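Presented below are the structures under discussion, each in the form of structure tokens.
Shared between the two complexes below is subunit A, which pairs with subunit B and subunit C, respectively.
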Partner chain A sequence: MTAIGMRHPMLDGLAKAAGGQLYAGDLAIEGLAEAVLVTSPHSHARILSVEDSAALADPAVLGVFWHANMPSHRYNSSVWFEGQEADADEAMFPETARHIGDRVAVAVASSRAAAERAAARLVVRYDPLPARLTPDEADRARGPLFDAVGAPTFLNPVDERRFARGDVEAGFAAAAHVSETTVATPKTHHCAIEPHVALALPEPDGRIRVLAPCQSVHAVQVVVARALGLKAADIHVVKTPIGGSFGGKAEPVLEPIAAELARRLGRPVRLACDRRQTFSSTRMRSATATRIRIALAADGRILARDTETLIDIGAYVTGGNWLPGSMLQRHVRLYDIPAERYYGRAVYTNTPPTGAFRGYGSPQINAAGEISLDIAAVRAGLDPLAVRLANALRPGAIEPYGGLDVGNARLRDCLILGAERFRWTARRAAPGGQGRWRSGVGMAAAAHVNGCFPGSDESTTMTMRLLPDGAIEMISALHDLGCGSNTTLAQIAAEVLGLAPAELRIVEADTDLCGYDLGTRASRMTYVQGEATRKTALALARAVREAGARVLNTAPEDLVLASGRLARRDGGEPLDLPTLARHLTRAGLPLPAATETHAATANPSSHAAHFAEVRVDTLTGLVRVTDYLAVHDIGRAINPMLVEGQIHGGIQIGIGMALCEDVANDPETGRMAGDSFARYILPNSLDMPPIDVHLVEAGEPTGPFGAKAVGEIATIPVAAAVVNAVNHALGTELSHLPLVPARVLDALDPDAGAAASSGTA
Partner chain B sequence: MDIHVNLNGVAERIAADPAQRLSSALRAHGLTGLKEGCLEGECGACSVLLDGEPVCSCLMLAAQAEGRRIETVEGLARGSGPSDLQRAFVEEGAVQCGYCTPGMIVAAEGLLRRNPAPTEAEVRRAIAGNICRCTGYASIIRAIARTASERGAGETS
Partner chain C sequence: MSLAFAAPQTLDELATLLAPGAGPWLIAGGTDRLIAPAPLPETGVVVDLTHLEGIAGIAEADGRLVLGAGVTVARLARDVAVARLAPVLAQAAEVFGSVQIRNRATIGGNVAHGSPAADLVPALLAAGAAVRLWRPAATETLPLPAMLARRPLLGPQEVILGFDLPAEGPVPRGAFVKLGPRQEPAISRLTLAAAGPAGRMRLYAGAIGAVPLRLTAAEAVLNAGGAGFAAAVAEAVAAANPGRASTAYKARAVRGLAEDLLERLGGARP
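Moving on to the complex of A and B:
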């Protein structure tokens, strides 16, 4: 192995470090107009009129658009492909704003400053309506989602999912310990440093070209087409370098509007959100409240589990109807539980809509499951690690959700290795102090999927070819979200082709160039695209050897591709790829090329065990994570440096979810407390603990060179590990995330907390 | 109006409106390495060196830079290639999506010039105003520490 397992620097790293990488906001295009959104200050209000005469008085202003003069086709922004049916409740500009931050109007001008001035000069008249701001309140407004004429009613539930296996009542009857806990997780935001942006240009052939940092060009194509009432073929989408996504740019929020403005004005238009709009007008992680009852046997075996979760998906469906199912899928992939009951439902509220965010429901259900299990173990006097070991899913298990083989799933290895390296038993038993500062340790386990099989078409097509200059080009629906997936795939190709990864010429996703694909989501890049890369590289290697054999007048099997050239087994002079290409082009012979389609036929589990140490200041309620250890069942690390980068970044987002991140919509007014980096607190360099990463590389037979996913699972067990450590430090049962100081202080002294809050009211 | 600055070592005239932020004027001047991530001085993506000190260029009017020395991430390159710090960021895995990277590198360069041998705590403090959402900071801290130690070794040898 030369390329696999290499800590190869990211291929586009130097361009980024030198400031030369051009993101959508950096592009200078002749005649580019700039567009600025006006968003709703109300949680629920009819938009009666938009008075634009003051704005239009400025000759730099090109137009003002809102529901009265924009297409009103209803669409769902979470559609992935042409023909997919979905609850279509969104419009580019709704007649009724359904959340603070909903899109009301857009001002377009020849410069950003002029567009901002124009947006500020618009006078919008609203008719405020009663709003449903909490999921409990919303859950009581029940009815069909669409009325007789097909208009959305915004009644609930948006979706519900029930699941049962085994004899749950018998499990509870036989239990030595029964424990019930309710865990609440907050709405959190991706906080990619690149604010949301989209660019669109009219093309000479009448199509519209959309340039956007996106996770799937095909999803953008179909959503834009539906919103504009056009055919997908009318829309040409090109992915731009992306300044962070984490799922936040999975749904086209701005693209339809930018495309319509470019079509209408006949010139390029860029629509960019500022930070506040990126918080309130895009997508975020859904909030959940989950009640879990666990039946434990005296030896720690889980005999039965009963889970009921209520998911606040916000103002529009987007992909929220999938959450009850996807949360169930991951909930039952972790432990071998003989009797299980689950009821999940997703409800609309008049708060910002939610969508994909690193794990798609997994961090929420994992926090619920793993905090509940920890509390159950402590109540029963059992070691939380021992309880997990007693129930961990084993390799080759059939998971109960889809009846799929979980593959070479190494959860037990993660638990055992992590406990040993963290010195779990000794540290768990160590006294945490009785004074102002208390310390404690906690842990959590996680399971996640690798792609969308069998729910969606998990196939992808790749083309590789030798170019006339001897370079090898790689074309597929590639969407590197900044994690380095292009580098990972180049390493896979390089390994097969005997090249250096930097020698691959990578063409990112462009609907004119690449085959249809689901995009970068669901932890599918390395596992699905990686295997497509391996297969295509194998086919290209064959084609290169055959072409070389013709030039060298030998047999293909006598040639070996290594170090960028064809070596001869008979010891003759090797042929490098530029020379081969020159020979072929001069002779008029075809350059070697290969196209392969890989369809995944499995969906193995990735696993992780995380261990955290915290220090709590009982005077202020502030929690610090002081040490952290993560073990990941990765199959095989194609690039350990990038894998570690994913794990470290995932832990950062998870610590935020555990301790401080919350957009905090006020339940009375809907106002969002956390709509800026000043008020939405996220971990910075001072908040991050030292992190020790260990990889279990036992190989997944269906993955490329044995590899499995790491991107999403890195953040899944973090919140539970941290919260469990806090509960260990304080002897509490905190389960309402995030553990902001007020909640910690309340738990330490409920009477003082109640007095303090009534005092400030 | 025009402002006159020493920009990455060269005397330049930059066009700016009286109310324009320095970040916006520099980006309009073609220096798009720095980013405007929040426009309130919280994310640090717009960091530049002003007379050698890291500042959030979004919190300054362009006019306030009149007569001063500005260095952006583009100006940190050595000759035709990236600087040792830029290279260390890439090699240590401190660059992921890259959007915070220019500001982060500028903040780190500012630190290393005033404190060539920082402790880990000093490095963490120096970049506390630069938010990175991808890396968890460990690789960034490693890249800065490595550059400090390489520069130190270069001076003593």
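Moving on to the complex of A and C:
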């Protein structure tokens, strides 16, 4: 192996570290107009009028747009292909604002300053309406989602999913211990450093070109087309370098508006959110409240489990209708449980809409499942690790959600290795102190998917070709979200083609250049795109050897691709790729090219076991994670350094969900307490513990070189591991996340009357 | 019409820039300005005060500490004279903002900005500081509490030149402790600052009101030896802002801060 398993630096890392990378917000384009959104200060209000004469008095202002003068086509921002059905309840500018931060109007001007000025001069008249700010309240407003004329009613539930297998009642009847817990998880935000931005330009052929940091150019294309009432073919989408996404840029939010403005004004337009709007007017992780009953046998086997979860998806459906199902899918992939009942329900509230965020429901349901199981184990006097080992799904198991083989799923290996390296048994038994400072350790396990199989479109197409200068180009729907997926794929291609990864010319997603693909989501880059890369590279290698054989007048089998050239097994003079390309072009022979479509045939599990140590200040309620160990079933690490980077970042996001991150919409006013980096507290480098990463590389036969996904699972078990450690340290059963200091103090002394329900105030 | 920038070096130059109608916008480190919700004005002049002659000086005279308003927080945190003569201020500077903010932010800016959560203000109050104010053709030295009682804190042409801290005996004592949502950077949810000669220490709590609150009853307990100190502080904090949702938490958590403060002072445990 020359490239697989190498700690290769990220291909674009130096440019980013040195400030050389340009993002959509940096692009200087002749004649570029700038647009600024005006958003609703009300949780629910009819937008009666927008008075724009003061704004339009400035000659630099090009226009003011709102629902009265913009297309009103309803769409759903989570679709990713033409013809996909989805509950269409969103419009570019709604007649009724449904959350604080909802889009009311946009001001366009020749400069950002003039656009900001114009936005500030708009006078909007609202007719405030009653708002449903909590999921419980919203859950009582029931009815069909659309009325007789097809208009959205915003009644609930948006979607629900029931599942049952085995004899649940018999399981509870036979249990030695029955435990019930309710776990609440917060709405958290991605907090990508790059705020949301989209650019659109009229093209000479009448199409609109959209430049945006996105996770799927095809999703942007279809959503923009629907919002504008055009055909997908009228929209040309190019992905720009991303300054972080984590799911936040999976759904097009600004792109339709930018495209319509460019079409209407006949000039390039950039629409950019500031930080506050990125918090309040884009997407975030849904909040959940999950009640779980667990039936444990005396030996720790789970005999039955009954789960009911209520998911607050916010003001619009987006992809929230998927959540009850996707949470179920991951919930039942972790343990072998003979009897299971599940009821998941997603509801609208008048709070900011939710959408994709690393794990897509998994961190929420995992926190619920793993905190509940920990509490059940402790109540039963059982070791939480032993309970997990007793129930862990085994390799080759058939998961009950879709009846799929979980592949070479090494959950047990993760648990055993982690327990040994963390010294679980000794540390769990060690006294945590009785004074002001208490220490504890906790752990959690996780399962996640690899891509969207058996979804009908879980496939991707890649083209690789030798260029006249001897370089090899790879073209596909590549959307590196900043985590280095292009580097990983380049290593796979380089391994097959005998090149250095940096020698590949990578063409990122562009709807004019790449085949249809559902984008970077669902932990599918390495597992699906990686396998497409491997297959295409194999086909190109064959074509290059055949072309070389013609030039060298030998047999393709006598040629080996290595170190950027064709070496001859017979020891003859090697042929480098630039020379081969020159020979071929001069001779009028075609340059080798290969296009392969890879359709996934499986959806194996990735697993992880995480172990955390915490120190709690029982006087202030502050929690510090003091040590962390993560074991991941990765199949095979294409680039161990990038794998570790994913895990480190996943732990940071998970610690935030456990301890401090919460946009905290006020249940009375709807106001978001955390809509700035000053008020939305996320862990930074100083808050991070030392992290020890161990990889289980047992190989997944269906993955490229045995590889499986790590991107999402890295953050899935973190919150539960940290919360379980806090509960161990304090002897509590904290389960309302995040564990802000007031909640910790309340749990320690419920009678002291702090009653500090307000999370982050 | 556009926005101009000036960095005067003398008070005469400054006086010209502060002339009525000039529309000056004063900054020192600019760290609060940078994240302010309101955009910069489109016209007028941004006046950087940090280049004024003598504005960034630290001087010691007979145990008194004379600080220029332009001294950065990072310098406060590492200056040996500050550490010796005003440990409360050095400790507040150490936990102020983050490395980047400390490198830019100034002591004068922190006071002038008037944030209820300003970390240096309770420390300066505990240290008994007086503030040196300047306006064209006039200077004035005020006890800091007197300035903090004014609204606005500063007149339209008024600038803080520096702070004078009184001598506190041969071995000045002081401590500053902070409760924030994370290590740093963190907006203080509650701070305690204590300084002064043994038996006559001043005790202030920050971030529980518009300006820091002197906790006189708890101060008496502290000066009497510290027994029951945490309870006395908790009582004062609970009474300070009874209406606010966060007060109940702060009144409990301040016991931890009180313990930390006593430990830093090296005094008796309650």
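Here is the rule we use: the second predicted complex is superposed on the first by the 751 of 761 C-alpha atoms of A that agree within 3 Å, B and C clash if a C-alpha of one lies under 4 Å from a C-alpha of the other, contacts with A are read in each partner's own complex, and residues count from 1 in each chain.
The rule is simple: contacts are C-beta pairs under 8 Å (C-beta built on N, C-alpha and C of every residue); 3 or more make two chains touch, one makes a residue touch a chain.
Every value quoted in this text rests on a predicted model; they were computed, and no experiment measured them.
Look at A:Ala113: by the touch rule set out above, it reaches both subunit B and subunit C. Put simply, more of the residues of subunit A are touched by B, taking subunit B and subunit C as the two choices.
Shared-chain residue A:Leu129: touches no atom of subunit B or subunit C. Applying the stated contact rule after C-alpha superposition, one finds that A:Asn684 touches each of subunit B and subunit C. Contacts of A:Gly243 after superposition on the shared chain: subunit B is touched, whereas subunit C is not. Look at A:Ala60: by the touch rule set out above, it reaches neither subunit B nor subunit C.
Contacts of A:Leu591 after superposition on the shared chain: neither subunit B nor subunit C is touched. In the superposition on chain A, A:Ala742 contacts subunit C only, with no contact to subunit B.
In the superposition on chain A, A:Ala386 makes contact with neither subunit B nor subunit C.
Contacts of A:Ala471 after superposition on the shared chain: neither subunit B nor subunit C is touched. According to the touch criterion, the shared surface of subunit A, contacted by subunit B in one complex and subunit C in the other, consists of residues 113, 678, 684, 686. In the complex of the two chains, the subunit A residues touching subunit C come out as 113, 116-117, 276, 436, 617, 619-622, 660, 678-679, 681, 683-684, 686-687, 740-742, 745, 749, 752-758, 760-761.
Listing the residues of subunit B that touch subunit A in their complex gives 17, 20, 24, 27, 30-40, 42-43, 45, 72-74, 77, 82, 86-87, 89-91, 93, 95-102, 105, 123-125, 127-141.
Taken in their complex, subunit A has these residues touching subunit B: 7, 9-10, 12-23, 25-26, 28, 112-113, 190-195, 241-246, 274-275, 481-484, 641-642, 644-645, 647-653, 676-678, 682, 684-686, 688, 690-691. Residues 35, 37, 39, 42, 179, 181-184, 186-187, 245-246, 248-249, 252-253, 255-257, 259 of subunit C are the ones that touch subunit A when the two sit in their complex.
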